[in-house]
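Read through the structures below before going on.
Shared between the two complexes below is chain A, which pairs with chain B and chain C, respectively.
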Partner chain A sequence: MPLLQLEGVSKKFGQVVVAEEITFQLDQGAAVGIVGPNGAGKTSLFGMISGDIRQDSGRILFEDQSVGSMTAAVRCRMGMGRTYQVPHPFERMTVFENALLAAQQGAQAHGQKSYDLAFAALERTGLAELANRPAGSLGLLHRKRLEMARALATGPKLLLLDEIAGGLTDPEVNELIVIIRGLRDDGIAVLWIEHVVRALLSTVDRLLCLASGRLVADGPPSEVLASEEVRKVYLGGKIINEAAI
Partner chain B sequence: MTPVDSHGLISIRRSTHSPVITMVGAAVLVGLLSAAPWIVSQSLASILMNFFILVIMATMWNLLAGYAGMVSIGQQAFVGLGAYATLYLAIKGMNPFVTIPLAAAACGIIALPITYLLFRLRGGYFSIATWVIADTAMLIIGTIALLGGGTGHLVPGLSNLSPTALTDAEYLATWIVALLVVAGTYFLLRSRVGLVLASLRDNEVAARSAGVRVTSARRMVFVIAAAGCGAAGAVLAISQPFVQPGNEFNLQWSAEMLFVSMIGGLGTIEGPILGSIVFFVLQQSLQQQGAWYLIIFGALAMAVAIWQPRGLWGAFRDRFHMELMPVGHWVRETKRPK
Partner chain C sequence: MIWVNVLIQGILIGGFYALFACGLSLMFGVMKVINLAHGDIAVVAGYVAVFLAPQLHIPEVWSFIIVVPIFAVAGYLIQRTLIQKSIDRDPFTTLLVTFGFSVVIENLLLEIYTANGQSVNIGALIGDSIHVSNVIYISYISLAVLVTAVVVLAALQLFLSKSGTGRLIRAVADDREAAQLSGANYRHIFGIAAAIAFATVALAGIAYGMMTEFAPTSGGVNLLFAFESVVIGGIGSLWGTLIGGVLLGIAQQVGAHINPEYQVLAGNLLFLVILGVRPHGLFGKKTAFS
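Presenting the complex of A and B:
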């Protein structure tokens, strides 16, 4: 049974097509990357999967259940954890409380179990030392990690990572890669939007390319990056430049 | 508080400092305020009563707007309905003091179906709809002859107490309701629900995707706030004790709740209480100057909104790093796993 299935998912914002007949499947424990130029509809795709926005047509199934009419909270409790491209910390709560909320609501853990789950998520993402800091005082790197810690504390089967490496330095990206590979090795499926192609290539075994809401390529990373459609989308070579970062 | 059971990796403390000082302080304060009718002048006791009513309302408004993001300007609907529930039950022969919890419950029950209507609206439309609902409630109540129609009605059943015994009883009723509302809010915010409300306050989108059932949480808050404002209306009816639609359903109640919570600091328990203190101190010290206290209060509200969006309590807490009513979770010790 595939973990996630999209069948002909389409969505427009007014005249802007953000998704057009998108169809793909994701297996349990798979690690899949998504690339595509800005405005391609990548974040919107995550929004439709996680329930932040509703598709106009098409079906989304999670563990063979149609989730189209479910709220984001219910989908989270079913096992979808997501991070936001622009971090959304609970600023007036501590780092620990950010993760604790996710453990108590997303994973529906209680008492000491919820504390342990939250703290484990912080340790995993390298935030344990900052547990008592207000989340609003964190810099970008730690905000990105907090996004991941919170998603992890919900006990996900599927992790949706939206440009989690964007804006980070090389060594920071390397640390992040180690964390994400660890999660993948633990059997959590990862769907990862990223411009830092180098980071993707080190972790995923399949790549999707989106352009203007259409899925223009889907396959092994090397084939996708070499394909005619993807090169056209990136106007000859931009993707290679980014790969060299 | 004592660390929670720590079989796991860590233990959690609920406050950064020893709670003993806070608890002793709270006990002294509760003792003093409980004995106030016998140790302070009657005029001061009556000011305190009005203060308590404002604290109840502001605390409820803070839950609504400060935490759950619902800017209601129609809470006078529940103040009024609470007052009229007390009036109705008193007319039916019940002891007015006994009606207080019933009035609160009635308001909570009435609020529940209203949420299904209101929650279709967002932002300014939500706010205006709350006001419309309050005015509608006032108009409907004003047509009921049994309750005195538009001219109002005296709450019966209070004349069998001597005047002093009556004022003392009114004081105690108001004080107990305020104490229950503030303590209840404190324990609510310390609970799992409190973390949910804090997450809504900080970022609703992230709350949803972290598994928070936002609409249910909002619904619960709306019902609680209605019940709290209903209780405030009930004690208001008893202390006035003439109940009139134009008084109890007055928009001014919502205006005061809003000002006081904003000045004190939204999204904290202490803020609305501090705001209420500021309001009454200004009102009392400037009462010879007519409406000046309102003008100064309005200017203060604007100044706070511009320069100190977290309110006076927020500024105080940022500077002194202390909480009177701690609700946080502090990771205390970490036994590293081998």
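Presenting the complex of A and C:
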């Protein structure tokens, strides 16, 4: 049974097409990257999967259940965790409270179990020592980690990562890659939008390319990056740091 | 000595303003809804206390024990239906809908109970006061309302900062999308916040009926004072609302002492000065209730 299926998903904002007949599926525990130029509809696609925005047509199934009419909160409880491109921590709460809220709401854990879950998510993302700091005082790397920690604390089967490596230095990206690989190895499926292709190549075994709301390529990363179609949508623009590490 | 009395009376009435205003502040802070029917809801609570509670053989003075829970439930239901539907459309719709709600309530009350003034019967307590000196009297009921206001605000502050549900309310007030992605059903949290707002304003409505007379149109003027308390104190700060209410009360009493006609004017002037000098209020914060 595939974990996530999209069948002919389409969405327009006025005249702007952000998704046109997008169809693909994701297996349990798979790690898949999404690339595409700015404005290709990558974040909107995440919005439709996680329930922030509703598709105009087509179906989205999670564990064979159609999630089209469910709110983002329900989808989160079913096992979808999402991080934002620009981190949205609850700034006045401590790092721990941020994770605790996710554990109590997303994973529906209570009492000691919710504390354990929240703390495990912080340890996993290297934030344990910062647990009592207000989230608003964190720098970008730690905010990105906190996004992951919150998504993890909800006990996800699928993690939607939106440009988690964007704006970070190379060593910082490497630290995140180690964390994400660890999650993948634990059987959490990862769907990852990223411009830093090097980071993707080190982790995913399949790549999707979106352009103007269409899925223009889907396959092993090396084939996708080599394809004429993908080269064309980047208008000859060089893909950043192409070489794998 | 006479000025001490002015100060004391201002503080006493300020407690009532804060009690009246905290629900307004909560609704705005959490769901960005300016509830224009807030004052009318208080008036409805007064009518329920005067006319329905005695039918259940509950003395008017104890009516809040049943009225407050009823209004909490009603607040939750009205939020999940009427108010949430308008939030889903756009912010202006919430203004129109709550304004319409206010008009409907006032006219229904006029139709059913006429424009006659009513008050909540508290027996001999109404006239009793602590006699401090020749010019200083502290009425028991005003003192009771001030104490209630402080207890309610303290409890609400504690609830918001310490409890799990309070944490959820703060999270949703901060960023409802992010809260949803953590699995929180923000509509339910909005409902809880509205329940608290309705419960506190029902209590304030009954308190008002105990202190003075009310009529179907009493909501509007109290709503104005509540707005002023919230803005003076700063949106999103409960203690700020208390200070705002007290400052407004003192300004009004000072104005009234100079000339009874200046009572409301003095309050409005203070409000204007604060708006000009510190538009985000004395204790305003970027994020509500944190």
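Brief remarks on what is shown
One rule holds for everything that comes next: the second predicted complex is superposed on the first by the 238 of 245 C-alpha atoms of A that agree within 3 Å, B and C clash if a C-alpha of one lies under 4 Å from a C-alpha of the other, contacts with A are read in each partner's own complex, and residues count from 1 in each chain.
The rule is simple: a contact is a pair of C-beta atoms (placed from the backbone, for glycine too) under 8 Å apart; a residue touches a chain by one contact, two chains touch by 3 or more.
Here the structure is a predicted model, which is why all the values come from computation and not from measurement.
When both complexes are superposed on chain A, chain B and chain C end up clashing with one another. Legend: residue contacts after superposition of the two complexes on their common chain; A:Phe119 is shown touching chain B, with no touch to chain C.
When the shared chain is aligned, no partner comes close enough to touch A:Phe24: not chain B, not chain C. Looking at the shared chain after the overlay, A:Trp192 reaches neither chain B nor chain C.
Contacts of A:Gly106 after superposition: both chain B and chain C are touched. Legend: residue contacts after superposition of the two complexes on their common chain; A:Phe62 is shown touching neither chain B nor chain C. Measured by the number of chain A residues touched, the leading partner among chain B and chain C is B. Contacts of A:Thr94 after superposition on the shared chain: chain B is touched, whereas chain C is not. Chain A uses residues 50-52, 71-74, 76-77, 82, 84, 88-93, 97, 100-102, 104-108, 150-151, 153-154 to touch chain B in one structure and chain C in the other.
Interface of chain C with chain A (complex): residues 164, 167-168, 170-171, 174-175, 177-187, 287, 290. Contact residues on chain B toward chain A in their complex (touch as defined above): 4-12, 192, 195-196, 198-199, 201-203, 205-215, 267, 328-331, 334. Of all residues in chain A, those touching chain B in their complex are 50-52, 71-74, 76-77, 82, 84, 88-94, 96-97, 100-102, 104-108, 110-113, 115-116, 119-120, 128, 131-132, 150-151, 153-154.
Note for the complex: chain A touches chain C at residues 50-52, 71-74, 76-77, 81-82, 84, 88-93, 97, 100-102, 104-108, 150-151, 153-154.
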